[in-house]
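In the two complexes below, subunit A is the common chain; its partner is subunit B in one and subunit C in the other.
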Partner chain A sequence: MRAARQVGRSLPRLEARAKVTGRAEYIHNLQLPGMLYGKLVRSPIAHGTIRRIDAEAARAMAGVHAVITSAEVRQIIPSPYYGPAFHDQPILAIDKVRHIGEPVAAVLAADAAIAEAAAQLVTVEYDELPGIFDEVEAATSPVLVHEALKPAGTFADLKHLGGKRGTNVALEFRLRRGDVERAFAAAGQVFEHSFRSQPVMHTPLEPMVALAEATEASVTIHTASQSPSFVRIEIARLLGWPENRVRVRTAYLGGGFGAKLYIKLEALVTALALLARRPVKVSLTMEEQFYTITRHACTVRIKSAVDRDGRITARRCEVWWNGGAYADIGPRVTQKSGFTAAGPYDIENVAIDSVALYTNRPPAGALRGFGIPQLVWAYESHTDLIARALALDPVEFRRRNILREGRPQATGTVMRDAAIAAVLERLAQKLEWGRPFERGTGPVKRGRGIALGFKASISPTASVALVTIAADGSCAVQCGTVDMGQGSDTAMAQIAAEVLNLPAESVRIVHPDTDVTPYDMATLGSRSTFHMGNAVKRAAEDARDKLAALAAELGLPPGANVEIAELFRRRYGMQAGTIIGTASFLPSYAPPDLATGLTDNATPFWMVGATGVELEVDSETGRVRLLRLVTVADVGTPLNPRIVETQLSGAAIMQLGFTLLESMEFDRDGQLKNPSFADYKIPGLGDLPARIESETVAASQHSGPFGAKGVGESGTFGVSPAIANAIHDAVGVRLTSLPLTPEAIYRAIRAAAGDSLAEE
Partner chain B sequence: MMPFDLVEPGTLREALALLDPEDSAVRAFAGGTALMLMMKSGFFRPKRLVSLNALAGDVASLSLSPTGELRIGAMVRLAELERAPEIRRAAPVIAAALRRHSNPRVRNVATVGGNLAHGDPHMDLPPVLIALGAEVEIEGPAGRRRLPVDGLVSGYYETVLRGDELIVAAIVPPQPRRRALYVKCTTRAADDWPALGLALSLEADGAAIRAATIVLGAATERPMRLAQAESLLAGRTADAALIGEAGRVAAAEAAAAIIADARGSSAYKRRLLEVELRRALARLLDLPAAGETR
Partner chain C sequence: MSAAPRTIRFTLNGRTVAAEVAPQESLVTMLRDRFALYGARESCGQGLCGCCTVLVDGRAVSSCLALAALVDGRAVTTIEHLDADGTLDPVQQAFIEAGAFQCGFCTPGFVLMTRQLLEQHPDPGDDDIRHYLAGNLCRCGAYPEIVQAVKLAAAKRRGAAG
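Right, the complex of A and B next:
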């Protein structure tokens, strides 16, 4: 009997009931016998050397088990520096602090309240150093965040930076295509603008948490991590142990968005557990996340040459990424996102310089979109400004320049399965772009805007999956993809079920545990549907082939309609045995040339997302009200249309917060002025547009599982510039710095009228 | 958070006895929404919290007298206030103001007494109560006293309450022929504290204004009566020019008191005051709102 098709179903999330009834497992709730709580003593300054740490009073407090500093950590881990791109981040500060809130010491106690109170008693004396906070200034500043660069060696293209001194530049990516200088010299018109994105935060509902239990022979780490395999490799490296002595497991994550990637608290809890010889748990408060990982502030300078027909003939992009004190995955953002900085347009001559900088701000890493929203903010604002200057319709101007199927992108990689033009056309259609638009009356003006972005998948990365069939025919999928709310469990179940002709509800997903689930690079960058989806599909096919082989071995004719349980019974004489299907998936890739950034195989797939907004601006106050937020994306063929829709709208709303509300505000000394959720405002229900519409275009990713590809980030791409373009449309002013606050808009309106509002 | 004593007396007398004016680590605990934030941040470390949540009777109930006087017990939750039919009848502006106050979770537990006693200048309710001419009833070792709400707050997070006193009720006098309006201006998320709050109460016949009370909240150290704007309007028949003028006068008289913070510069808040007062008057008086467009 053939089950109904499993992919393409809007199956509700498999864990939905457990979540709404409070039964889903989160590491946050985990307690172990004998467990200690660790509380961190953090740096109150942005840059300085540590003169003295006085922990006597804290150690003397009743109930305190230990106070740990880097001196103790180094007894068990001689070189306690970690990181995915650079081994630059110490488990606890060594001799120096490089950002506000950097962990300097950890206090352990069986009672979390005592640990917290004792942490207040640790006094640290610092000699303050001048700090560097601005990404553009950091490129040439004499203030150095690190004395020498320490690339991890994980990425071949960073090896040449090893030991480099006297610079804050962690990575410089260059792309050179055609002859930009000649094109600018010959151009009809040249346009140049600068755009800035502010630092913001992931704000997962469940803050980072990790718990380690150690013996002489092994360590087990329970962690809310998006990358358990990476954690295992990194911990094994730090300890000098083989991987098989390190076990890393996760449960559901209360959101991740890139905050829980690579390695965060895991090395710390491991060191603490080994030193204390007790299990140790560190769970951050919501507020401590401000000092843990952020999204890159970013400055983009972009310049274009346009000919008489409205064709862009050349574009130069200079991008400065504010990586904060530790590189985290910033160098990847700099390169992998950097090479799309010229936008989804067909441009003969392109030059891109994308630079990752160290500063004395909290570290920046990956956040839903991996740098793309900051780039689209620049190139789609710029594109709109050019269209205006040329008096061309913004849709028409984009149409003339759009990067079409079969044409080379800036790297030289030929576009395949990237429905950029279809996405633009569908968006224009949904907005009824050709129709006259109501502009409002009185002080409230209406406007509309669009923006279009694209993203390459991170490459090359591997996923390995196991699909097991038990003797009763039931199926389990063992894979390292972390379900942090994006619905990956459901998608993987649908894929395995489709291959094995089962209802997806009956498939069990085994959550990441490096003792039982095989390697996966990480759950990031919208890669899991494609990479792990392909691995699960192939592993399921492998299991299906093995079932067929078993049937043949039992003398059954091909296609014989015998139940799986019956096959096992006949083979083993009882309900016994297991069939294990396995597969690994690693797409092909060609690294970019170091000098030119060119490659003919930059990515296994492209994500495309466009945003349209209609809004009102109160010209007397600058207040904006969104009437309509439309997202159109190419996600290949959706595996689960309902989940795809909520991923698109969720991503758009998150980026809406980064566009209108959220901003980490630092003063001149690098102090964070708003380190609480009373002062760092994320969107609430009252901030949502009246209408939110999300749609995919008919498309297929031919190399993806059942035509599917990633979707988690595509809804973020166009939001910021679409809103700025619509504000411009409504009240004739252009904002180039995020967030777009009412006051900033009002000030721009007044400035445009030649009547600037007083500063204070 | 370090351990502390939590006591839950059953009577007001016991509650008063458990307070200690000499020790700032002993405090009354009502809804706890303000206190918990202070405790979490380490700003307040209690020794003893005197919970008022077991108090019954007057302190925890709301009543409307035949003359139209509202008596709101200190332990009445903001959500109860928002929904009470008495409020809708006697002072609908309170219910309307609460609808955009914080969020339902906070409103379900936060109390009127805690709201007033906190002395936080960024709040929505105090300017509304001031505009309505409300008073607070306070009980202490020396008995009961009454104060206008306007006289309760003495400065930035400071009130005239002594450490051994409790607010027992807020009293809103009858509001015959009065029209009131509260405007909450947020400049960040919609559920944020206000950048600026504007409470108005007018006694008027059509556009003929007999008296006006205008209270500015959130933008200044403590709620501020805008006396010049009030006297400009009193005894005048409003038109577009007058309400525009009122906005400008208000912005000018509040200018020196308006504080710049993360919610906006002082110049921007002055501008908001000017525009929002003009628009609020237009709404209350049924005039066209259009002012000048900049």
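Right, the complex of A and C next:
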């Protein structure tokens, strides 16, 4: 009998009950017999050489098991540098510190309070060096963060990395399409603007945590990681061991958002556990997370030529990414996001220079959107300014320039299954854009704005899945996708259930454990639904085919309605046996030409997201009140509409924080002034717009599992520029730096009125 | 470390228990280390997020700031107690039906605060909800669904009462 369709069902998350009862498993909860806690001694300066570490007092403290510095780490790992793009980050600082909060030593004790108290007793003497903090200055500064650069060569798409000797440049990505200079010379009008994005932090509410236990022969790492396979590869490399001696497992993650990607605490806990010969757990505090990974601060200079018909004929984008002291995955952000810097527009002549820079800030990496929100912030603010200057309606101006199906994007890759036009039109419709808009009275002015962004999925990346059928007919999926709240367990169960004709609730998802779950590149960049979804679908089909083969072997006619359990019984004479379906998925890809950045196959799929905002600005205080936040996205065909909607609104709310509230504030010496929720405010219920609406357009990703593709980031794309555009619409001032604080808005209003308060 | 631990007695999820606690030990640490209760969890550690919420004598408390020693003689209830009889509390049921979480790390805190909210406002409006739950943070941004869940739970409780 055919079960009801499993994909397209708004099934509650499989683990819903465990989450509302507080019983869901997180690595945060894990404690092992004999375990030690590791507490870190961190650098109080941004750049300097280490003259001396004095740990005598800490070592002498009762209850302290050990104090570990890089000297001890190097006894077991001679070259203790890690990272996905460059092997540039030491497990504990060696000779030099490069950012505030860099780990210099670790104190181990069975009692966490003792480890923490002892860490205060470690004194480190430094010779301070001048620091470099600004990404644009870093491009030409004589202050070098790294004397030598060490490309990693782990990922296929980053094989070409070299860095630039004697500079702070980790990666320069160039794209050249057509002839930008000639188009600018011939243009009717040329517009140029600069935009800045501030550093922000993911602040997952489950702070980063990892626990390692080691024997002579193997190491097991329990970690709140989004990338268990990568952790295994990297730990094996560091130890010089084969992969099969390293086991990495995860549980549910209490949020990730890119913070828990690649390798964070795992190399550290591994080294500590091997040295201590005891299990070691390191749990960061909320404050420590701010020193560990951030989102790239970014400066974008963007220039466009527009002809008499309001068509953009050329665009030049220069993007400087502030990568902080260690490259992490910044080079991928620089390239993969860089090639979309000109926006979802059909522009004949495009030049893009996207540069990843080392600075003495905490490292920057992936954060929900992989750099796209910073770029959309620039190109959609710019687009709005051009429309205003040309006295064209912002929707109409976009309509004239939009990148349509079948047209080549800046790289030359032809757009397929990217419903950019449909998303724009649906957004305009939802906002009733054609109707007159109520502007408010008195000091409170009303405005509205839109913005539209897109993103290419990272490529090439692989996913492998197993679907096993037990002898009673029950089904388990073994896959390396990490459920950090996005609902991937539920989506994968729905996919397997659809193929195997089972209720999705009955499918068990085995959480990532590299001893039992096969390779997966990572849970990032909204790739899992598409990549792992395809792998799970094919693995389930493989299992289904094997069941059919078993039935045939037993002499049953095709389509015979025999229970799966009965097949096993007939084959084995009892409840015994297992069917294992397996598949791997690796989409095709053509790397960009190094000189031109062009390729005809940049990505397996495109994500499209647009945001519309209606708001009020109090022109006497600069305060903004959001009335309405509308997200429209192309997610292909949603597997679970309810979870998709929550993903879209959740992403929009997070980006709302990065737009109006959040900013890591550094002083001139690179000290972080606000690493706490007391001073770094993330959105709460009180910060929400009165109305939040999220919608998907009817679409299908033909290469995706049941027409689906990624969802997790699309809601972020347009939020910042839509709000800035709406503020401009309300009070006639343009902000070009994030966040859009009441103070900044108020200053801009006063400056526009010719008031001196505007001077900072 | 220096000051001596002391023994406290209190009621934990309906049962009388005793524990030896260090003077500066927080309530959330004690619940985790000595009673293997993980539903209240430390996140910000500063009383600013609500992830560590428990009830002390029926009132919601941030257990990251509360000292364990202070619950001596009192009654502590954690999220784990809500389904002690095997059925979910209507608030928990409403959170599932409304899909009011993603990663779930904040959820126990929201559930406990919502129960307290509904005791004071059986039929809360949007403003009551936003105001009352303003001290609980959800980084996944499941707020629209949380608001729906609170209203759904209110309706369930009224239905059950009426």
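Keep in mind that, in the parts below, the second predicted complex is superposed on the first by the 747 of 760 C-alpha atoms of A that agree within 3 Å, B and C clash if a C-alpha of one lies under 4 Å from a C-alpha of the other, contacts with A are read in each partner's own complex, and residues count from 1 in each chain.
Everything that follows uses one rule, which is that a contact is a pair of C-beta atoms (placed from the backbone, for glycine too) under 8 Å apart; a residue touches a chain by one contact, two chains touch by 3 or more.
Treat the numbers as computed from the prediction; the structure is a model and nothing was measured.
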For A:678, is the partner it touches subunit B (first), subunit C (second), both, or none of the two (neither)?
-> both
Name the chain, either subunit B or subunit C, that contacts more residues of subunit A.
-> C
Considering only the touch criterion stated at the top, classify A:253 as touching first (subunit B), second (subunit C), both, or neither.
-> second
In the superposed arrangement, which partner chain does A:143 touch: subunit B (first), subunit C (second), both, or neither?
-> neither
In the superposed arrangement, does A:110 touch subunit B (first), subunit C (second), both or neither?
-> neither
Would you sort A:646 into first (subunit B), second (subunit C), both or neither based on which partner it touches?
-> second
Give one of first, second, both or neither to describe whether A:686 is in contact with subunit B, with subunit C, with both, or with none.
-> both
Subunit B and subunit C footprints on subunit A meet at residues 113-114, 117, 285, 676, 678, 682-686
Over in the complex, which subunit A residues touch subunit B? Could you list them?
-> 113-114, 116-117, 120, 285, 442-443, 619-621, 661, 665, 673-674, 676, 678-679, 681-687, 741-743, 746-747, 749-750, 753, 755, 757-760
Counting only contacts in the complex, subunit C reaches subunit A at residues 1, 22, 24-25, 29, 32-33, 37-41, 43-46, 48-49, 51, 78-80, 82-83, 88, 92, 95-97, 99, 101-108, 111, 129-131, 133-147
Within the complex, subunit A is touched by subunit B residues 1-3, 37, 40-42, 100, 103, 185, 187-193, 260, 262, 264-268, 271-272, 275-276, 289-291, 293-294
Subunit A contacts subunit C in the complex at 10, 12-13, 15-24, 26, 28-29, 31, 62-63, 111-114, 117, 202-207, 252-257, 285-286, 484-487, 642-643, 646-647, 649-654, 676-678, 682-686, 688, 692
